[in-house]
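Submitted below is the structure of interest, expressed as structure tokens.
Note that the chains take the letters A, B, C and D in the order they are written out, and that residue 1 is the start of every chain.
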């Protein structure tokens, strides 16, 4: 219950004057037509204008998720929602709420990379000895490395590698990324499983960590990346005129007991019902 | 309860193969690094690649809202949320849910522009006689025109005009936009209030309608535009270490009656409590 | 932007002292063990203790919805949600968001009953002439009467009739209920469709309106009534160990176009990609 | 991606026939007027009718939270929400989303009680030696015991004790509750802090665990308990006519930098803007 004094709020994101809004200090009117949305996102979240390479990196990262058909629970949930409550806002909120522990969220990987790097005290990031020690420590504790492995890709994940090459070209690669790759080398060597890849979410997390984003911000960026697809799905559902979408009976195993209320209440000790 | 047959779902947004995702038919791997996020959003929602001018228009529109400090209820609600439940997803969903009837949403304006244009049967859009008739009809019915008026701008809204000039430069201006301006001319003439502007949300709606977006999609795009700001606010709140943010007592008028339960229950007819 | 002065908040729901909470003026400690939850809900929402009959009426109304298997979109959406994000709070919020325009919500009926009754100026409620005039007016305007009709019940809806008989026995029946029945008589007479019933939602709305609840509160009560069922479904889904529930491919008609990005970008006017 | 076969769903909560709904096997029509809402909640969640004492325990537990004025972030967030989007469903979903890590949720305590009891292998629950060992283990690991301590109560928490006495009177007390009290005895003895109480949430968790509810269900029940208060607050806000509630400027420390976009873009390496 801290921070409830006279000035209980503090923010540097934007401020409003009579006839203008200042985004991190820049007049909103000036931004329109000058910044790409990705660059504006960078400005808002990181607090400063991106360099051109950083803006291109943001675009690449925001284009690396996009959509996953009806194989993403949040999209399906959103379509059920708007079949009953035809509201874009309710549908978008629904889609967002399905992102969590079992979905590919970069925050776990981002937190792990930043914390293990800090703990190892590596300036260069490419220290294979420190990485091997960290992997030993994790395996002894029975913990898995977030961002490793993919159901369909073995030895290499092409989308992850594409992000890496863009990061290198745009000056967004750095010690945290090297450290994550060193961990990966140590992991595949020690487990004897060279087919286990750094997946796209792991790579995204490494690059975003290097760019200075916090784990929570990474999740926000991943959610933002999925917004256009969700908007498209909700719009498609609204235009399909399906109303009150249900689960077809033939796909459900319904327990169909039939019970007697009065007798069972009596048996449970109720009198006078 | 339509559409619940064998193939109860139908979608053209994306589809998944073993090792690739196809976004409106394009390999996701190809998009990364080639499309800006705004262009990808256009592709997902409209179903085809944007022309360069359409992509720049999307960037301008997505940069025209961005953030509104602690004067947007959804942002404040999201910060309260994460002070208790430190989750980016819960915070983003909360922010989205505060957008509705009393907030500046473009869907009302978009629906009005498209419907009144279709009803007037105007191909050119610039028919002042038809516009005057429509304004007469609205005023007789006591209805207001969505997208007109602004608390701080009189005679002209600079951000709306900026969107207009970009739309004209990028080939995104057209009959629906002309029609909306004709309605505005008729309105200011008939009411004798030339100071009433087309505001930014009205202009955004006119341009998005011209580009072929549905009203629900317009709301989605406006929400997407506000995402980076909300992410920044949530991140700021999480890093502020404020926990369980409350409303300071001195700003609340609490009714503080004190009542006797047993006596009042008896008076209400309860026995045996 | 009203009410933002020094005391910008005002509430009479509860207030907190150092070691006690006062619910509408009653010590929370006193309520535990003395009030049923339904009675407490009445106290919180209506601001005073219910009479015993009012508490029984609340119990009956709160038991009249409960659950609707996998035929309620919100329940299905909530199960998709927790298969990906195993969180009770995210699941409950998701279920709530699917309630809206196309679902059976009592607020429409409640608003209609209260407004038409006030407009007709009927103290008794049983004025068939006024009711007939109102039905004529509605039919001329092409509007339907909320709360009339049911897919499976003709001539009578047993659950609605049960609520009616409880309302009469518990002293919760009154002029607003009579008025709604008079409207129903006029409707069936004028349309020649005696098989059209007052359904459960209509009856619930009439009784809640008579008890003094606002339309928004009626929706809240209907949502509360569905909470235990949603909790049960979410718990069932969490225990089922289904992770990342998707839509089976064979039930989806996927458009599967395959397009060439580079060629299409060029055709759209992009250069240098 | 399990369970996606022909019968990909399985549920025992309810099922629907042409003209009836069966709740855990009981005709919904029979339940109305016979069960209290608390008893119906027990039936839905636990799968069987409660005994009278279990139903009274449910009522007591559902009455032990209720409301916490404007000191609960979710309530405040919900009021901000409906000041902009006057929707009961959006408001209720918002309130729910603010429950999480920093709020008093019984699931942590419930999980801890059940797991530590199982690990200790105690049938009776009152084994002080096992409890002392468990407390030693926790303290060595630097972990706190969920459900212990309260900002305003020392030595005893009257609401927790009230729940205990009701549980004992209604036959809902048992080994898991004894075990939790044994842990508490061991904790206060070992820390020398007899003033640290078992708080209400801890006691609620112990009793609900004893009654067979899962941790996730406990959170659901706690959320349900808070629904009437949230409905009351949302209704109050809607009736207050406050629109677009914001944070008063004088309570915010706004960073108000003013920056030059063109110059800063140039400095960041952009050309041609």
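Points worth noting:
Everything below uses one rule, namely that a residue touches a chain if its C-beta (ideal position, glycine included) is under 8 Å from a C-beta of that chain, and two chains touch if they have at least 3 such contacts.
Quantities reported herein were computed from a predicted structural model and do not represent experimental measurements.
Upon removal of chain B from consideration, the remaining chains are still joined by touching into a single piece.
The chain pair A-C and the chain pair A-B differ in C-beta contact count, and the higher one is A-B.
We define each chain's centre as the mean of its Cα atoms; on that basis chain A and chain C are separated by 33 Å. In terms of their C-alpha centroids, the spacing between chain A and chain B amounts to 23 Å.
Each of the following residues of chain D touches two or more other chains: 8-12, 15, 31, 69-71, 85-86, 89-90, 93-94, 97, 99-100, 243-248, 251-252, 254. The touch graph of the protein chains shown is complete. Every residue of chain C that touches chain A in the complex is listed here, in rising order: 69-74, 76-78, 80-81, 83-87, 90, 93-94, 97-103, 243-248, 251-252, 254.
The touching residues of chain C, counted against chain D in their complex, run 1-4, 8-16, 18-19, 21, 23, 28-29, 31-33, 35-38, 40-41, 44-45, 47, 56, 58-60, 62-64, 66-71, 86, 88-90, 92-94, 96-97, 99-100, 107, 152-153, 158-159, 162-163, 166, 214, 216-217, 219-221, 223-225, 227-236, 238-246, 248. Looking at the complex, you find that chain A touches chain D at residues 6-12, 15, 22, 24-27, 30-31, 34, 49-53, 85, 89-90, 93, 97, 247, 250-259, 261-262, 264-265, 268-270, 273.
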